[in-house]
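In what follows, chain A forms one complex with chain B and a second complex with chain C.
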Partner chain A sequence: MSVESKKFMSSVDVKARKLAAEKLAKAFEKVVEAILNGEEPKLVIPKRTLSNTIYDKERGLLLLGSATFERSFLDVREARKFMQTALMAKIIYEALINNEYPTIRDLYYRGKHSIRYRDHKGRTEEENTWDEQKESDAVLRDIEVYTGLLREEMLILSKEKGKVVGDMRIRSGDDVIDLSKMGHGAYAIEPTPDLIEFIDVNAEFVLVVEKDAVFQQLHRAGFWRKYKAILVTSAGQPDRATRRFVRRLNEELNLPVYILTDADPYGWYIYSVFRIGSITLSYESERLATPKAKFLGVSMTDIFGDKGKKPYLTEEERKNFIIKAKKADIKRAQELLNYEWFKTEKWQKEINIFLQKQSKLEIEALTGKGLYFLMDTYLPTKIQTQDFIE
Partner chain B sequence: MAVVERFKSISPAEFFYRNKEIAGFSNPVRALYQSVRELVENALDATDAHGILPDIVVTIERDAQKPYVYRITVKDNGIGIPENYIPDAFGRVLFSSKYVLRQTRGLFGLGAKMVILYGQMTVGEPAEITSATINSSKVYMYRLMIDIKENKPLILEKASWPNKTGWHGTIVKVAIEGDWGRAKQKILEYFKKTAIVTPYANIVLKTPDNEIIVYRRVTEKMPPPPKETHPHPHGVDLEMLKSMISETKAQTLLEFLEEEFQGIGRVIAERFLQTYGFDPNVNPKSLGKEDLEKLVKALREYNEFRRPRADHLSPIGAELIKIGLEAILKPEFVDAITRKPVVYEGHAIIVEVGIAYGGAIQPQEEIMLLRFANKIPLLYDEKSDVAWKVVAENIDWKYYGIEFPAPLAVLVHVCGTKIPYKGLGKESIADVPIIEHEIEEGVRAVARSLKLYLMRKQREEEAIRKAITIIKYIPEVARALATFAKSNPVNVDRETLEKKLFELVKMKYGDAIKNISSPWDIVMHTE
Partner chain C sequence: MSVESKKFMSSVDVKARKLAAEKLAKAFEKVVEAILNGEEPKLVIPKRTLSNTIYDKERGLLLLGSATFERSFLDVREARKFMQTALMAKIIYEALINNEYPTIRDLYYRGKHSIRYRDHKGRTEEENTWDEQKESDAVLRDIEVYTGLLREEMLILSKEKGKVVGDMRIRSGDDVIDLSKMGHGAYAIEPTPDLIEFIDVNAEFVLVVEKDAVFQQLHRAGFWRKYKAILVTSAGQPDRATRRFVRRLNEELNLPVYILTDADPYGWYIYSVFRIGSITLSYESERLATPKAKFLGVSMTDIFGDKGKKPYLTEEERKNFIIKAKKADIKRAQELLNYEWFKTEKWQKEINIFLQKQSKLEIEALTGKGLYFLMDTYLPTKIQTQDFIE
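Our next item is the complex of A and B:
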């Protein structure tokens, strides 16, 4: 069956599979050997905590620190997690050698079953290998850091969220896809962007838009054709594939990356995830983050103006479009103030204006003012005058 | 205890009427219960007090025609009663002459005679007594009644036959008015509790419902038989002193003190008489009422006598209490203690406490208290007993790791030649400070030992719980890791990994999991 199915599979996948399976097996063979030698079976895993997340100023990345912890099977508090880790490793390994493409939801279902046992009082008890997907997701992350293999490398798929259009051609699997010929639609960025090959590109910059609706408006108005742009949307919090894809555009094609989000703490955080990585996934930052990405807007000074800068909105428009910040927004902004990577002059200024005005704004406010104002005035001006935050 | 005194001017019938309630014959329910226990206690006194392992068979039959008439037969393998004493022993109330103290079960010293008298008054059938002493060549049988006016036995029939089997013991058969339906619970409880403190006895009970309840002997160990002893001077009163003087062979007061009391030697007797100005050479029988009163007062207050002895007492012993609790209650933990003797009003008293926990004992909101006085179970008036005060009020069980409802039983045995009963029924012991103190110390001692046991058990349970937390995952982990085992140089399968992992857990938890031989003792196969 697997040989048969291989015939229809792209050659890139086959190679990736072999590599991942070998690396995974090697990492767990060590444990088997320890058991056979009568030694305590344990996994030494890098810690995935805020305290073990380091901001590398020079490279502008969030990285995993060097702290590790031991997950020993003989430790009562870790026994269950150890079982889950071994179980997850087995499922992934089998999926790899069977030429499958499980999603994280699939992994959850494949491993979930109950263990029936007698407790110390002789009562029959039942316990699930894991109850919620949160648990299986957590051990998957442990396996990623333990083996140094990202889930994409293990051919584990996640939902596709990111989309791209622009004047460029890529090879995905064994097919060539022209991203300028997607009609009204767009190319959904595949969950394994490392298997994509860039063939040729005709663009001068990348614009990433947080909001899918704004992305569609700009796409249909022909923004990318007119301004020679690759247009990307993350449709909210960016998934790993979108981040990796954007990073590759920047790194391999040397295209500047501009990011457009709402003017609020969540928009800023989306930018920072693109640029330096996230805390929970800091172990992948090295491959996913785009340190040179620029925050184009919408910024507080775009709304309220600054010394020598005229605001893009009139007094009247401001009144209509501005939304009063909620308590949660204020709290989140105060947290951001303390993150190492927001401690730059421009960001401190941006956040402090927000805290002072207690006001936020959605990108849609600009299209509200007029789609062509956004496309032909706001965006070109911002890029030309280099009015962005890095 | 049996302190037998002379009641010269009172007829036994009158005595009985006056004392019907006190003696426990107030109604058919109490009467049936009381009759059974009087006869059973006599049977036990005839056996274990003489070093004989008791074999006791009790039969209660319902009369086929007359309602509320029951025939009680109690058979023992005791020392038996000499043929010529049988009529008086059962047919003359207050038949006894020797003035000594002895720790026996009989509460009133009346025992079987009360039962016979009660049966005679309610049903009117003669009692039937069959007995043979040890090595007697014959077995004797009497059918008798009591001549109430004359206080003497009325022999209706007498027989004897050769003792071919070498049997010894006594069989008493009496018909009385009773109420089995309502007495049943108490009688069964009585037998159960009696069995706890006589684990060396075989006791068989045949009930009117044709049930046969058997308490089998679980040990051949017996407490040493109680010995007779003279009274201690601190424990005498005027009546007692008069009887003692009337019975003594002593010619002088000095001899009387020296011979008839414990705790008084010649030197002490001389010093005592000198201190209080008595003539040592006077014949005690010649003392007048005033002299006697003065003598009693002096005897009770003089401090130089030796302490009352306790070697005549017969406690059950911690060992037997533990055996009895174990056999009847089937608990998981048991302990017992016999306290050192103490003195209460000139009489030695020994308190014993036992504790039983868990196992077949059902958890209850209240403590299960098993009270005994001179090896007799006390079944009534529990809440007014000093032992209840101790276990329910004085002791904070939380301190000993007990949270109610708890499967907890506490046994309290008070033995002595004089026990301060509360009320007329002699079913509960008064809260005398010295006894309360003894009970409390005893309960604390066994409760401490229970606490240690529970702590140890908890530690062991905790270790097993931890080990199981790991063991339950072994099959899963072995199956998963077998995927990664190299097939070179040898093929490593799931079973090998299971075994190896289990060995590792065993190395860590050792003794705690000695009863688990494989992960599959814990994990159940799921299809």
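Our next item is the complex of A and C:
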């Protein structure tokens, strides 16, 4: 089956899985050696705890610190976790050499079964390898930090929401795709964006829009064509693939990245995930975050104005468009106020205006004012006058 | 601005909006005439109530009945609704002639403002045109049924989740897109799928997968290439564009459509939305539903077997993969049991097995068993032996 199925697979994947299988096997070589030598097998794994998550101010990234922990097979408290880690590595390795493309949900199912054993009194006992996906997901993360292989490199797939259009050619799999020839539709970004090759690009910046519906509008009105932009949507909280894709646009093509979200703590957090990474996945920031990404708007001073800055909304529009902040929004804003990476003058001001006015605004309020207001006034002015927050 | 912005717009849209603007204006001509003639303006609108929603067994569609209601301006109980309808029509018409692409959220913002008036005692009063999007959405639906124009025809956009790959060429906007050349990514379906032109197709059937992650796996393993399929995902509950796109594949290209969902009431409902339409949008079934769509699986008899049918799962696999149904699942299944369109022998059996076993299963349980099991055993066998439910 393996030869037969390879025929329908991209040559890029065939190469990628060979590399990953080798790296994965190598990472567990020491464990096998220890067992063969009659020594206790153990794994030394970087700690993925909050205390080992560090905000690197200089690089502008949330990173994993240098602390590690040991997981040894012969320790009763760790034997179960050791078994889970070895089981997960085995499942992934088999998937790689069998040309499979598991998802994290698959990996959970693939490993889930009962182990029968005898306890110290000789009674037969039964225990599940894992009961919930939460458990298998955590084990997968351990393997990512242990091997230095991201799950995408191990051809583990996931659902994807990110889309892109723009004057740019890429190679994905064995195809060349012209992202300026998507008609009214868009290109849905693949789950393994590291395998994409950038061929050529004719654009001056990247605009990432939180909302798919606004992306559709700007696309349809020809925004990216008129302003030489690569237009991306994360369709809500960005997934890993969209984050990696945006990072690569910034790093490899030197395109400035602007993020456009709703004016509320949820929107700010989307920006901060793009820019510095997320707390639970800090070990991936190094490759997924875009520390130079800029928050273009919608900002509180866009709504209410500032010294020397006229607001983009009239008083009448504010009355009609503004939504009163909920308690949860206020609480969230107070939390963000204390995050290290929001401790810049502009962000503190932004959050404090929000707390004072208790008001939020959706991007759609701006398209409600007029799509061409958003496209030909708001966005170009914001970019030209460098009116963004970092 | 209008000429300038048209340059960046597809010629398809320019034509579509001219047509819609004419039809919309024509539909309201009588109202204007009545006003000019000093008569009472009124609108006769088809009723969008449950009692006027009929399941047409012969055609296999949920349809709107023939009942209508009158909305007259001079009736105090209806004046507000009349005003809202006229306001919405005006906003849409202006958006059409100004080359805008509003979303339903936009329309809400565009219309939202306070109207000042004097009451019968001469006091100044204030009233909002509408307070919530629920209200403006309902008015938009009234306009759809009143004019016979779907919102997509009026260039009203929305967020879209549907994706497609397969050996097929389409024209969207001014571009020709080869859906077999999407690399590891996919083509994100546009919000106005009626404007797509099918150029040529080399496929034998359409497989619609509920879950994006499973779509990614089948795509990557080359399922559509090997089995000559058009592969679509709705990424959960299907949006209007995905439903219309699938309907067109079935109707215009004569391709059989198979739906693959989780084995649970939520999955069955996704199938039924594709096949017969949804209750709240019954006026659109005529164009959005695919009455010949077949539920390929995962079915209860796939899990547990049947007379003369071996189950696809072993007892051990059932033990590991099956999820216990929740109370809400049971309740939902009992509701579905009574829907007219689930009153076929096979569906009643399916639902009753579920109620008896109180068990559900995700598609990922099958990929957990092996992606090539799903791709090369389960799916081809189900299709070849016509083992589906209608």
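Here, the second predicted complex is superposed on the first by the 375 of 390 C-alpha atoms of A that agree within 3 Å, B and C clash if a C-alpha of one lies under 4 Å from a C-alpha of the other, contacts with A are read in each partner's own complex, and residues count from 1 in each chain.
Quick note on the criterion: a contact is a pair of C-beta atoms (placed from the backbone, for glycine too) under 8 Å apart; a residue touches a chain by one contact, two chains touch by 3 or more.
Just so it is clear, the model here is predicted, and its values are computed rather than measured.
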Report task. In the overlay, work out which of chain B or chain C sits against more residues of chain A. Result -> C
Query raised in the report: Touching A:P191, do we find chain B (first), chain C (second), both, or neither?
Result: second
Query raised in the report: Touching A:P41 in the superposition: chain B (first), chain C (second), both, neither?
Result: first
Requested in this report: Considering only the touch criterion stated at the top, classify A:F28 as touching first (chain B), second (chain C), both, or neither.
Outcome: first
Requested in this report: Mind working out whether A:E204 is in touch with chain B, chain C, both or neither, as first, second, both or neither?
Outcome: neither
Query raised in the report: Which of the two partners, first being chain B and second being chain C, lies in contact with A:E335: first, second, both, or neither?
Result: neither
Query - Partner chain(s) touched by A:T367 [first = chain B, second = chain C, both, neither] - result: second
Report task. Figure out whether A:T124 sits in contact with chain B (first) or chain C (second), or with both, or with neither. Result -> first
Report task. Look at A:H113 in the shared chain and tell me whether it touches chain B only, chain C only, both, or neither; answer first, second, both or neither. Result -> both
Query raised in the report: So which positions on chain A get touched by both chain B and chain C?
Result: 113-114
**Report entry** chain C - residues contacting chain A, complex
**Finding:** 1, 5, 7-10, 12-13, 98-103, 105-106, 108-110, 112-114, 157-161, 163, 170-177, 181-192, 195-196, 211-214, 216-217, 220-223, 225-226, 235, 316, 319-321, 362, 364-365, 367-372, 376
Query raised in the report: Okay, in this complex, where on chain B does chain A touch?
Result: 461, 464-466, 468-470, 472-473, 475-477, 479-486, 492, 496-497, 500-501, 503-505, 508, 521-524, 526
Report summary line: chain A residues touching chain B in their complex are 25, 28-29, 31-32, 35-36, 38, 40-41, 73-74, 76, 79-80, 82-83, 86-87, 89-90, 93-94, 113-121, 124, 127, 129
